[in-house]
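Labels run A, B and C following the written order; every chain starts at residue 1.
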Amino acid sequence: MEYSAKVLAGFLNGEVEGNPDVTVNNISKIEEGEKGTLAFLANLKYTRYLYTTEASIVLINKEIKLEKEVKCTLIRVDNAYEAFASLLELQNRNKPPKVGIHNTAVVEQSAKLGKNVYLGANCYVGENVRIDEQVKIYPQVYVGDNVRIDKNTIIYPGVKIYHNCVIGKDCVIHAGTVIGSDGFGFAPKSDKNYKKIPQVGNVIIEDHVEIGANTTIDRATIGSTIIRKGVKLDNLIQVAHNVEIGENTVIAAHTGISGSVKIGKECMFGGQVGFVGHITIADGVKIGAQAGVSKSIKEPGMVVVGSPSFNLTDFKKSHIFFRKLPELNAKINSMEKDINELKGK
Amino acid sequence: MEYSAKVLAGFLNGEVEGNPDVTVNNISKIEEGEKGTLAFLANLKYTRYLYTTEASIVLINKEIKLEKEVKCTLIRVDNAYEAFASLLELQNRNKPPKVGIHNTAVVEQSAKLGKNVYLGANCYVGENVRIDEQVKIYPQVYVGDNVRIDKNTIIYPGVKIYHNCVIGKDCVIHAGTVIGSDGFGFAPKSDKNYKKIPQVGNVIIEDHVEIGANTTIDRATIGSTIIRKGVKLDNLIQVAHNVEIGENTVIAAHTGISGSVKIGKECMFGGQVGFVGHITIADGVKIGAQAGVSKSIKEPGMVVVGSPSFNLTDFKKSHIFFRKLPELNAKINSMEKDINELKGK
Amino acid sequence: MEYSAKVLAGFLNGEVEGNPDVTVNNISKIEEGEKGTLAFLANLKYTRYLYTTEASIVLINKEIKLEKEVKCTLIRVDNAYEAFASLLELQNRNKPPKVGIHNTAVVEQSAKLGKNVYLGANCYVGENVRIDEQVKIYPQVYVGDNVRIDKNTIIYPGVKIYHNCVIGKDCVIHAGTVIGSDGFGFAPKSDKNYKKIPQVGNVIIEDHVEIGANTTIDRATIGSTIIRKGVKLDNLIQVAHNVEIGENTVIAAHTGISGSVKIGKECMFGGQVGFVGHITIADGVKIGAQAGVSKSIKEPGMVVVGSPSFNLTDFKKSHIFFRKLPELNAKINSMEKDINELKGK
């Protein structure tokens, strides 16, 4: 299908700058753009490609000022990244949806499946499970006893959901992720062995949550591990028992959250961040990649980095001098010599 | 079912403090306790809730001294956490156990399954496998050729156990964990390519080991990667080829152990710790989260942190001054000025 | 089977030093060598065992000079590690290969399978998939629509390959690995929610790539995430959308690579390394374990460590003084006292 800049601008509620009749039939990255394709500029690191791209149309934000002429037609919108997402969604919507219960799926008799559910090959659905309408479950997924999955949620291949867990609506859970495995709880005994603490709680995932591949979310010892509305978790993240993650918080890959940590809403954490157990993180906190958070952060919107972590501005200053330590040491030695000479005066 | 404080104290060999006839029919967390429930106090960070909880009964350690009056009935025991675990176990025991070989499980003819084995839907059990009595294997598990699994072990959905590996009795292995994948061994060739070193060893997991979700344990190049009796591994841990982990060692999530590392018994490691290959860690060593261990630790019971790691006391001192580096630098500059003035005298 | 030193030296194109008629029928590690076995010396940390091992034959590099007499027969070769690999391969080749399509595997009608493909129990192969000759796919693997897998590749149990991805020939992919999950892309909206950016690209894995267990490789937003020829990835690695990893680069476990990072060829990265997004790493760069790489590295062959990372030599110097900071501080205080006394003169 071919679309003109004029038609696309209409759909996106944007403004055309350049030839409104130029058409595209595919998408491309701005740095690799080809004639007949549409690209977008969201990350300003790529601004220089605006002037060299071969893409026929580029989506950009309204406020961007051009430094020189461009060859392409621009469509200016409020949020180029979001507008681009809308176009991709449109493209995706043309795919025939997966439907039906595959004959190799095993569904216990007491389970209830809503309208238009897709259940792929070799899935297992346990006792008393309730899966609501339009849910799509790809092959080889395990849904334990008493699990509830609300409507429109997509579960990719090989996800394992233990008994009693609850998944909201419009969620996306990627392949290999494990939800509801036992929390890591052992009571030390006098003979150096450990006694396992049974983990009798569950995991609750609210609506509009997306979880990446091979992430693990442990069930609570008592009560629930809770992932609030709109949270986005990347791949290979560890969420321990009784953790709570607030609304719309976004967490990058390999981050590990220890038991009973309470995280506020609208936080952003880089990859490989670690949290000690039983601490609280305020709303809107930003944490740099690889930080080690060893105590509660009470100030909303604080930005911390480092291991152990502290605020970004101070960390940067300290790190500059960390790099200069050999130099600093030489200076101290030279000053010491001066002092000794002065004392000998 | 309802239990009185008197009955529970009898079962737990504890002492009642307060009304012995008060009853509970459920459990709760001490900070969220409700009337008619039993809670426990193990982590002293939560001591303040002892005086405010609505829980009817609280398990606490014998030695804890009250600072003021409590509303609840106390049951004092030697180890509140362990006592609580015993109660949860009692509760768990009432669940009907999973049993039987599901008709969609694929079992090769030469495999031998003991009495009362549970083998879930779509499992695969290879040639010459031996699975002993009371073992429970959830759906979608892969058990490679010649694997042996000793009695009472529980394997959760989607675990993959490669050929020739050996699992002890009373183990628990959580969903998505991989045991026996090839060690990461490649010989550099002159043309910049690598030649794969076939990994012909196996993994041996001894008795009473618990392994979290999506953890990976590589098979040995030659011989065995060994996880000793009573070891507890959290989620998403990497154990490389030919590693040996000593009895009752406990390791938190995301820790990575390089090839041929030998770890002593009764160690405790935080999350995201890394070890270089071919080193030895003494018994009882404690390692802080995110530490990078770059050489052997020979002193039993040593406590190290940092990357590269050294002992905790020294690290803390150094880190205090790391944070003060800008201040220290200012002081040095001011002293330098003083010296120059003095020299000019 | 028994082999003499003479025969093995012939096969390996090596030179015998000692009794050429001694025979072995098994392999062992040099530090645990037993009579009748063959060991090898590749890591020089183990050189001392050369003089004490009970192994009958030891493979060593031509250039190694003996410091004293050895009991074993030596076979000297150009590359002992590679020679040892060749022997293991020989041993492996005697195993009967897995073949055939298991009757529980689900293969969509439009999929095409080449000659001698092995497809294990409960695998799923989607629409328009093409799997070439000699490919081995173990049980419980998911191969999404339109995937292509080139000849001789081995896919271990439970791997999940999303639609449209492309896998080269002679690759090995270990259990639980996920290829083609959605990149982590969300556009912030004004109401604090996020809009998902559909990820319409794919993953391309070229020939001779090996990928460990439970690793995740996200599909590109547009275009492809690319793993070039000969790359070796360890377990639990995260490769984000639109990343490109150059030929023969080797990466250890738990490393996380953020979106759109371009990595050169013949690099070597330790475990738990992290990269921020949209940076470029030159050819032959070496990065120490746990490093945090926050900007592009343009110098080929550079060696960096630390978080944030800089060059190894400088890091080592800085870290020495980091450990000495309390001492340095004491010295500064004492100097300050001296200066004040001098000023008072």
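Methods note: a residue touches a chain if its C-beta (ideal position, glycine included) is under 8 Å from a C-beta of that chain, and two chains touch if they have at least 3 such contacts.
Everything quoted here is computed from the prediction, not taken from an experiment.
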Chain C against chain B, contact positions shared by both copies (same if over half, else different): different
Chain A on chain C, rotation in degrees - Cα superposition, rounded to nearest 5: 120
Distance between chain centroids, defined by C-alpha means - chain B, chain C (Å): 25
Contacts with two or more other chains, residues of chain A listed in rising order: 104, 122, 140, 158, 176, 214, 236, 254, 272, 290, 307, 322, 324-325, 328, 332, 335, 339, 342
Complex contacts: residues of chain A adjacent to chain B: 104, 106, 122, 124, 140, 142, 144, 158, 160, 162, 176, 178, 181-182, 184, 186-187, 189, 192-198, 200, 214, 216, 218, 222-223, 236, 238, 240, 242, 254, 256, 258, 272, 274, 276, 278, 290, 292, 307-308, 310, 314, 317-318, 320-322, 324-325, 328, 331-332, 335, 338-339, 342
Touch list for chain B against partner chain A, complex: 27-29, 32, 42-43, 45, 79, 81-82, 84-86, 88-89, 91-92, 102, 104, 120-122, 138-140, 156-158, 172, 174-176, 208, 210, 212-214, 230, 232, 234-236, 247-248, 250, 252-254, 265-266, 270-272, 289-290, 307, 319, 322-326, 328-329, 332, 335-336, 339, 342-343
